[in-house]
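Scroll down for the structure; my scribbles are underneath it.
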Amino acid sequence: MTRNVCVVITARPSYSRVKSALQAIQQHKDLKLQLVVAASALLDLYGNAVKVIEKEGFKVDRQVYMILEGENLVTSAKSTGFGLAELATVFDNLKPDMVVTIADRFETMATAVAASYMNIPLVHLQGGEVTGSIDEKVRHAITKLADIHLVCTSRARERVIRMGEKPEAVYVTGCPSIDIAHEALQTMPLVGDIFSLYGGVGPRFDLSKGYLVVMQHPVTTEYKESRLHIEETLKAVAQLNIPTLWFWPNVDAGSDGTSKGIRAFRESGQLKNVHFFKNLPPVEFLKLLKGSHAIIGNSSVAIRECSYLGVPAINIGTRQFGRERGQNVLDVGYNHQEIIKAVHRHMQNPKPATDLLYGDGQAGKRIADCLAKVPLNIEKHLTY
Amino acid sequence: MTRNVCVVITARPSYSRVKSALQAIQQHKDLKLQLVVAASALLDLYGNAVKVIEKEGFKVDRQVYMILEGENLVTSAKSTGFGLAELATVFDNLKPDMVVTIADRFETMATAVAASYMNIPLVHLQGGEVTGSIDEKVRHAITKLADIHLVCTSRARERVIRMGEKPEAVYVTGCPSIDIAHEALQTMPLVGDIFSLYGGVGPRFDLSKGYLVVMQHPVTTEYKESRLHIEETLKAVAQLNIPTLWFWPNVDAGSDGTSKGIRAFRESGQLKNVHFFKNLPPVEFLKLLKGSHAIIGNSSVAIRECSYLGVPAINIGTRQFGRERGQNVLDVGYNHQEIIKAVHRHMQNPKPATDLLYGDGQAGKRIADCLAKVPLNIEKHLTY
Amino acid sequence: MTRNVCVVITARPSYSRVKSALQAIQQHKDLKLQLVVAASALLDLYGNAVKVIEKEGFKVDRQVYMILEGENLVTSAKSTGFGLAELATVFDNLKPDMVVTIADRFETMATAVAASYMNIPLVHLQGGEVTGSIDEKVRHAITKLADIHLVCTSRARERVIRMGEKPEAVYVTGCPSIDIAHEALQTMPLVGDIFSLYGGVGPRFDLSKGYLVVMQHPVTTEYKESRLHIEETLKAVAQLNIPTLWFWPNVDAGSDGTSKGIRAFRESGQLKNVHFFKNLPPVEFLKLLKGSHAIIGNSSVAIRECSYLGVPAINIGTRQFGRERGQNVLDVGYNHQEIIKAVHRHMQNPKPATDLLYGDGQAGKRIADCLAKVPLNIEKHLTY
Amino acid sequence: MTRNVCVVITARPSYSRVKSALQAIQQHKDLKLQLVVAASALLDLYGNAVKVIEKEGFKVDRQVYMILEGENLVTSAKSTGFGLAELATVFDNLKPDMVVTIADRFETMATAVAASYMNIPLVHLQGGEVTGSIDEKVRHAITKLADIHLVCTSRARERVIRMGEKPEAVYVTGCPSIDIAHEALQTMPLVGDIFSLYGGVGPRFDLSKGYLVVMQHPVTTEYKESRLHIEETLKAVAQLNIPTLWFWPNVDAGSDGTSKGIRAFRESGQLKNVHFFKNLPPVEFLKLLKGSHAIIGNSSVAIRECSYLGVPAINIGTRQFGRERGQNVLDVGYNHQEIIKAVHRHMQNPKPATDLLYGDGQAGKRIADCLAKVPLNIEKHLTY
C-alpha cells in the first residue's frame, strides 16, 4: 500500500539538504509525497525557496506563513508556536502516514511536536550531530520526539542510540546534501554568468581568477555579539582584498545584528571586492564553491558538502562546534587576523581530497527505500 | 541578588505536585516567585485550580487560556502551539531569571520551548522517569531542552545523565508531591464531611467502614480504546460493590471516550456504590487515600504518593509503565476480573510500609535552595 | 468562467441556515463550492455538524479547530483570533474567488476579516437585521467589511443601505433557512421514532399527543445571569408538565451557566417531562417543530422558520430583540410565570398562518444565481 | 472612582497621533493609563516606537509581538488574528475599564474585536472619516464595534451617526495630532542638526535653503502596483533635484514593493538629492515639515497636521481619497509630471494659512475629560 510521506520545508538551506530525498520519494512506487512549504521558505528576504521548489518540479500541497517580524528570541519562540498550531491543522487535513522533519532549525520543532502529538510516525533526518547554540537543544529534543532516525554518519547513529533510542530505529543513510554535491561534480562547470543570472549587488568579477565565498549566520545564543562577530569577518574580507561572493544569512534571532553590520560596512565603502547574493540554485552554488579558493563563515555547507567536494573551509566561531569534520576545515575564532591567516594557509596548500564522511551521494534513494519499508510505530521507551 | 523564578502551572495535579516547592520559593530570601497559571488549570471542568491556588495564598501573575475544545490529538498539538506563542509574550514581559516546568503533560512542552528558545535557563522537575505513551516523548524531549534537572530518584538521575546531560546539572531533590503526603500524615485525620464540603454526585457513604478510590486517565496513544478501558474498571467497581470515591480525569486527548464511558455506565444505573468528585484539596485528598482500602486506576498518585503513604494500589494498563514502584503496587491489565482479584489480594494483606523511593518530604526546600544557588547557564552539549 | 465560492461553516445552526444555498452552489454550472468546516461545527458537544455535512453529500475541503475551552468572553475573543489566523492560511491555499460568511456568530468575524484583508470579495448572508447582545456588533461590523450583501428582508436591505453601503451591492434573496422549512412542509410527516433515531436522554413520549420544544441559548453580554435565565425556563417547563423536547445550546460565552443550570435541575429530578437532544437533522427538526404546540426559548428558529411554518413561539428575553417578527411570536421576560401564561395563550388560539416575511423557499437558488453574476469588486466607500 | 484606560499603540504614526491624549490621561486625577505597545511599534525596521514611548516618560505595561514576516495580504490577516488572541489575554490580565483604539490600521481590528467581545467598553478615536483601500473597511467596522466615538471633525460625527450610532455616544474632540502640531509651532525652530541627531543615509543638506519632504506608503488593495507607484515619485524627486528628506514607509502589505523600488532606484545612483530617515520625534518632524517647501506622498500627515501648520501638500493617488482637506492640498495621480507640476505650483504661491478643520490643539485634554465622564455601556443597537 502506498504510504503518504509529508515533508515540511521551512527554509532554503533545508530544501537543498533534502532535495534528492524528495525526488526519490516522488519516484518511489510505494510512496506519495505531500509537500508543505512554510516559514522563511516563503519569504523573498530569505531566497523565496517556494518558487525554486515549484520551478524544480515539486507540487506544493500547503504553504504556511509563520515567522514573526522582530528577528529576536521572543519571536523565534512565538513563530514556532504559531507554526505548530497551523501544522497540526495541515496534518489533520492531509492525513499523512508519516511526517519528515529536517535537522535542527528552531521552527522544525513545530513540525516535530505536531506530528508526535498527533500520533503520526515522525522521521528525523540528520539527528545525532553535535554543534553549538540552541540548535543543539532542538536537535536532540526532536530525537526524543521522533520514531525513526535517518542519520548521516555512524558516529551520529551511536549518539542517538546512547540517548536511549532503539538501535533498530536508527539508520545511517548519509546526508542528502552530499547527493547534490555529487550531482554538482558530475555536471561541472557552472553554466552562464552568475552576475547576470542571479543579480545581487556589488561589483562583478572574472571568476576564472579565483575568489572566496562567505556565508556567515548569527549564532542565536550570542545575540548581542552577532554584530561584533560579523565585523571581524568583514574586516578580514576587506583586507584580503580577493574577489568575494557573499551569501546573505538565514532568518534567525540575531540576524538583524549581522545584517546591520554588513549594511553599515558596505555603506562605508570598504567592501569594493565583494558581491552580495541572496542565493543560487543549490547545484550551481556547489559548483561555485568547488571553483573557489575557500569558503569562510560558519555555514554547515563548509563542513558537510565541502568535505565531499574537497573545498577548503575556514570555520569561524562556535556554530559548528562538535560537528564532525573532514580534512578540509580550519577552525578560527571571531578574529579577522586568524581568518586572514587561515585563508592564506589554505591557499598555499593543495586542495583537500574527497571525504565520504557525510555520504557517498546516494542518500536520497536510501531514505526513500527506508521510508517505504520501515515499521511504523509510535510507541517507544528509553532503552535503559 | 534576588532571582526571579517563574513557575508555570498548567493543571490541577501539577499544582499539587509542586505546591511545597512554590511555598519554599516564596519564603526563600534570595528568590522571588512569578506564578503563571494556564491551560486546564483555569477551567471549571478540570477543577479550577487557579481558584485553589489563590485561596492558598499565591498571587497569580498571569493567566493564559490555551486549551482548544475537541479533546483529541489535533487539539492537543494546537493548544501547545498557542500556549507556546503566548508564554513567550509572558516571559518577555515578566523577564524571569529562570523558568520551572513540571513533569510531562503535553502542554508543558509550550513552557519548555518558550523558555529555552528565549535563552532563559530552564529547570525541569521530575525528568528521567519512564512511563508509557506520549508523556514519555514529552518528558525526555524536555530533558534535552532543559538546563537544570531536579529529579525525584537516583535512578532518574542516572537516566538523565545517560541521555547526555552533564552530571553537575542533575540534582536528586525528591518529589514535592511527597512533601504533601508528609504533611497529610502529620495532620491526619480528614476534617469534616467530604460530601458536604466537596459536592460531587452520587450516594454518600460512611467512610469509617472502608472504601476504594478510583482515578483513571485516558492514555493518549490508545485513543480509541479509552472507552473500552474505562468500561473494564467500571465493571470491576460495580461488581466489587464496595463504597467507592471516583475522581474525574484530566483534560487529555481521549478523555472524551473515558468521560462518555463513565456517563453512559452511570446513566444505566449500575454504579450505586460510587460517588464522583471533581477534586479535593491535595492534602485532604491524600488523607482520604490514606484511609482507603486501595486506589484503583492509572494515576501517578498511586505510584508516588501512595508508596510513601503505604496505600495499596491497583495500577491498570500501560500509563505508568516503566515508572519505579514501591511495594504497594499490583499491576493489572484492562480486565475487570484482574482488577477485582487484585483488590481482594490487597485487602487480605497487611497495609504496606512507607517507602522513601520518591522522597522524604523535604523536596520543596531542597528545590528552592537549589534554585537559589545553581549556576545559570544556557549553553550545553551532549556529553558524548 | 467558473467561480470558486468558499463557504465557511462554523456551527450546526449556521449549516442548517445555509444548506439550500450550498446545494444550489454545488449544482450551478458556473460555480464551484469550496467548503470549510470549523469551530463548533467540528465538536461532538455541539452536534458534530461536520458528520452531518458529509453524510448529506458535501465534500469538506478543510476543517479547522479553533474554539478554546473556557466558554467565557476571553476565550470567545481568542478563538476568533486563532480562527482568523488559520482561515487566512486556508484562503491562501484554496484561492477562492469569493468567500461567503453567514449571519453574526462571534467566530464569523474571523472569516470576514481574513477574506476582506486578503482582498477576496466577501459575501455576507443575513446582514441588516437587528437583535441584542454582541451579535448586533458583529453583524454590522461584518456589513462594513463585506462587499456583497445578500439579505433576508427588504427592511434589512434598507438598513444596510442606510449604513452607507451601495444599493447595487445589496440583494434581497430571502433566508435559506426558509427553504428548509419549505422542504419540511413538503415532506411531512416526521419519519421514524425520534427517540430511537437520535438518542438523547430522558423519558420517551407519544408525540401524537402534543409536545413543546425548547431551545434557549445564553446571551453573551449577560454572562453572569445565564444561569438565572435558564432556571426560569426550567421552572416553567416543569410546572407546565407537558411532554417537552429540549435541544442543547450552542457554544457561546456563558453556555456554561446555561448548561450547569440544566444539569443541576435535571439531577434534582424535577424534569420528568423532558427529553434532551443534542440535535436532529434540520428537516426533521422543522417537521418536529411543525407538529409541536409551541417553541419556547430565544432561538432565531422561532422567529424565522416558525413564521413560515406557522408554529407558535414564546420568545424569552433580549436575544432576538429588534428582529422582525411574524404573527406567531409572543415575547416574554425571564420569568417562569410569563412563559407559562404565553404557552397557555398560544394553545388556546388557532395556529398562525404562513408568513413570507423571511422568504418563500427559493433563497438558495437566488443566492447561487447572484454569486454567479454579481460584479466582484473589493473597493468601496461610504455613500455619504 | 479611578477608571483604568487601556490604550493600545500598534505603530509609530499612531503614537504620534495619540500622544497628547496619553499625556492628558496620565495627568487626569480620575484616570489611570494602561499602555500596551504592540505590532510594528516594537520593530526596529519601523522606527522602534516603544523606545521613543519609554523615553518620553510613559510606562509600558505590556508589549506584544504580532506582525508576521511576508508583508503581504495573507500575513496582514494572520497578524491581526494572532494579535487579537494575545490582546485578549492582555485585557484579561489588566482588567481595564475601557480600551482605546486609534484610527484604521489593519491591526487595530485586533484591539477592537478583543475589547468588544470581552464586554469592555471600546473607545474609537478618529472614526467617521473617508479614505480609500482596506482602511476604509477597517475604520467603519470598528465604528460598529465601538461604544464611544471620539471624532476629529463635525463631518465625521455626522457620518458616524448616519451609520446608526447614537448621537450621544459621538463626541467631536478634534484630532490629538493637531495638539502636537500646536506644540511644534510654539517651540519652533528645529533644535540641532537632524543629520547628526537622527542618522539615516544619503547626503546632508543646508536646510536653510529649502527642501522637500516625502512620505509615501503602499496602498494595500493595489499591492502589485506599489512598485510602479513609488517609481513615479522617485522620478519626480530626482528630476526636481531639490534637497529632499524622505521618510521610510510603515509596515503594510505591499511595502515590499515600495521598499524594493526605493532601494533599486537608490542603488542606480539617481537620488543624489535625497537623504533617507526612518523617523524623527513627532514634534521635530512637524517643525521640519513647517520649514519645508512642501510634503509629497500619501501620508495623512499632509492632510491633517499640515492643514493646521499651513504646509503645502502634494497628495498622490487614492490613499487619502475622501478625507476632508484644507486649502493646503493639491491632489495628483501616480505620475511624475503631475507631481513636479504641483510642487512648482505650490512653490510659486504664498504658503497657506492655518486651518482648524482637524482641531485647535486641545484634543488630548478633551479626550481625557470625556473618558473620565462618559457613561460606560456596552449594549447598543442600530438607531433605525
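We call the chains A, B, C and D, going by the order they appear; numbering starts again at 1 in every chain.
The rule is simple: contacts are C-beta pairs under 8 Å (C-beta built on N, C-alpha and C of every residue); 3 or more make two chains touch, one makes a residue touch a chain.
All values reported here derive from a predicted model rather than from experimental measurement.
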item	value
Which of B-D and A-B has more C-beta contact pairs	A-B
Chain located farthest away, centre of chain D as origin (C-alpha)	B
Between chain B and chain A, distance of the C-alpha-averaged centres to the nearest whole Å	40
Centroid distance [mean C-alpha coordinates] between chain D and chain B, Å	51
Contacts with two or more other chains, residues of chain D listed in rising order	65, 74, 78, 82, 85-86, 89, 92
Complex contacts: residues of chain C adjacent to chain D	73-74, 76-78, 80-89, 91-92, 106, 109-110, 113-114, 116-119, 130, 132-134, 136-137, 140-145, 159, 162-164, 220-221, 223, 321-322, 378-382, 384
Residue ranges of chain C touching chain B (in the complex, touch as defined)	40, 42-45, 65-70, 74-75, 78, 82, 201, 251, 256, 267
Complex contact set, residues of chain B against chain D	62-65, 82, 85-86, 89, 92-93
